[in-house]
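Read from first to last, the chains carry the letters A, B and C; within each, the first residue is number 1.
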Amino acid sequence: MKPETLPADANDPIITVRHMTKHFADFEALHDINLDVHRSEVLCLIGRSGSGKSTLLRCLNFLEQYDGGEVRMGGQLIGWQDGPSPRKPLPAAALRDQRKNIGMVFQQFNLWPHYTALQNVVEALLRVKKLPRAEAQARAEAALQEVNLKEKADSYPASLSGGQQQRVAIARAIAMEPKLMLFDEPTSALDPELVGEVLNVMKKMAAEGMTMVVVTHEMGFAANVADRVAFLDSGRLVACVPPAEVFGTEPADPRIRAFLQTYRERNVV
Amino acid sequence: MFISRDWKFGTVTFSFQTIFHNLPYLIGAARWTLLISGAGMAISIFLGIFVCAARISPGRGLRRAAALYISYFRGVPLLVQLLIFYYMLPSIGLNLPAIAAAILAVGMCSAAYTAEILRGALQAIPAGQTEAAHALGIAPFWLWARILVPQALRLGMPSLINELILLVKVSSLASVVGIGELTRVAQNITGETYRPLEIYISAAAIYFVINLVISVLGRIAERRLQVG
Amino acid sequence: MELGLYLHYGPALVSGFAVTILCWIAGSLGGMVVGFAIASLQHWAGRPVRWLLQAYIEIIRGTPFMIQLFILYYGGPYVGVVLGPVEAGILSFVVYGSPYFSEIFRSGFESIPKGQIEAARCVGLGEGSIVRRIILPQMLVLITAPLTNFVIILSKETAILSVVTVPELLYQTQTMAAETFTYIEPYVALSLFYWLMVVATTWLGAKVEARVTRHLRRA
């Protein structure tokens, strides 16, 4: 479990989002988002499907181009060149440099099926970090150890269970030693009995002090592991508060109450 | 032995002896057939990857150029392309030996088809794999070299095998510019022996066997390459 | 470019184009008819016939068109089949195209769910009506595009007929090139003619496709 008091440097945000907006053609997917994520913090994004939580997450590493506002990491504007509008996207190489510091785990794992688990992890270490092969190999093995999959290093994704594939995907991301990890519904594509093994790995990462932003439908994880929970509705950030304020007492905002109600009903059955 | 004598059906004779005597020459000539189709396929795949990449690149000029390349090489008969390479390039000062003209014509034409095969295969690769690479900061070159192309070649394998079989067949066109490949040698032998039926049927049989071997090997390779 | 050359060789080129079109259309139609017969036989005939037809398909598809043409044109007289170049060209097109056409038709036959045919038998339709009223209209939808594709491929194979002195387009072009020592002019004309053919076929294919899929569109 996380300590009650945050570490001293926790006030210094790793990533700051200011007045961010995102449109898909005429549809406003995100409206004036303001958000800080602090070092070693676990922030869970919750909300109905279509509320914009995945879009928000994908804007943080510029997989989606946000149109207005800013996302900054260590003072650096993510994705865009700093300057007067209309601003230009960063050159591809500069964007890649920024992304090195942001790991991402997808709903569909997105492993490369023609490589073994180990090769999946090694690839970016070789091509992006440009480590020598032996060192990349050693670091990849350590990352697989971290997610308890060392013995599956030579298996191809197709022979792994969904939970194992997702843990390889996590290993692939953490091997790059990112400052921030993004999770886009990491357990939504898994059979129910496989969800636990992935959440356990994520809990362990949180306990070790990794900064994490997690889009999830696992309310138990949000309640127990998150430092703060952000609730999105129709592209707006409604609340960003400690989990107790969402799950403990009756939340003030009717939209959050309605959202949680559907979960309670399902759990009763 | 039955191959040492001739068969007679009424007035028609079928001379196995002619076949028996000339088979070694035909088989020798088949090496050129293999060279043209093999080297043509290598060019086809190498060039096809670039044409395919250009065809789906974000740059509009590149996309147009690739589309033009594909429509030209698919729209004009290969024999015409070959004659253009052989006759027209020298007239603008580019002198190619006949064999190079043949390999180049076959390879460049086939690259247009290979590019489309690869484009189809790429569409079967989930976009998430590319996203994962982007999220890790993998550069486009490595994305193509390590993730997209190897998978596209595997997924497109059945079509690429077909393409190779096609190249073995179209290599016969090289006879027109005087290369001593299987068809040309068959023509020459026919000129000496006046037994076109026997000789051309033998040539057809050799083509057939080559293609049979390719398709069997291709099927084995396909099974091997299915990982996991 | 010397455009004056076209005045002199224009008629020859146009007549070559006409021969090309003749061989192409006659060969395509013949190939389709034979291909349809093969596909039908493969569907309904017994095992030995099916096996023979499959062998025919594999052999024709595994050998170059040029060799097939040579066997027919040069070898034919030795077994009493004497053909002029144009006849040999058309016949070899029929032989060469039929297996490809038959495979297209076969895939069309196989695309019709068995249940539909059973249903037709249950309401008492004869085999002939089943083919005409149930199978054909539906399979035409699926096979129009591949048929058009292959007909376009055949249009390009016509160039090979020049090798056995069929006076088609490429033959006339080569004659023009040889007599005038020019290459640009003849081949530019040649490219235009082939391009015209591909465009016309594509257009026609789209028309046919629109016609056979009209029941799939909303009113």
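The rule we apply is simple: a residue touches a chain if its C-beta (ideal position, glycine included) is under 8 Å from a C-beta of that chain, and two chains touch if they have at least 3 such contacts.
From a predicted model like this one, the values you see are computed outputs, not experimental measurements.
> Counting one step per pair of touching chains, how far is subunit B from subunit A at the shortest?
Minimum step count, subunit A to subunit B: 1.
> So which chain is farthest from subunit B, going by the mean of the CA atoms in each chain?
Using the mean of the C-alpha atoms as each chain's centre, the farthest one from subunit B is A.
> Centre of all protein Cα atoms: which chain's centre is nearest to it?
Looking at where each chain's C-alpha mean falls, the closest to the middle is B.
> Just how far, in Å, is the C-alpha centre of subunit B from the one of subunit A?
Computed from C-alpha means, the inter-chain centre distance equals 48 Å.
> How many angstrom lie between the CA centroids of subunit A and subunit C, rounded to a whole number?
57
> How many angstrom between the C-alpha centroids of subunit C and subunit B?
22
> In their shared complex, at which residues does subunit B touch subunit C?
On the subunit B side, the touching residues are 11-12, 75-80, 83-84, 87-88, 91, 165, 168-173, 175-176, 183, 186-187, 190, 195-197, 200-201, 203-204, 207-208, 211-212.
> Note which residues of subunit B are touching subunit A in the complex, please.
126, 128-129, 131-140, 142, 146-147, 150-151, 154, 227-228
> Which of the residues in subunit C come into contact with subunit B in the complex?
58-59, 62-68, 70-71, 74-75, 78-80, 156-160, 162-163, 170, 174, 177, 183-184, 187, 190-191, 194-195, 198
> Using the touch rule from the top, collect the residues of subunit A that touch subunit B in their complex.
So the residues of subunit A in touch with subunit B come to 61, 63, 92-93, 96-100, 102-104, 106, 108-114, 123-124, 127-128, 155-159, 169, 172-173, 176, 182.
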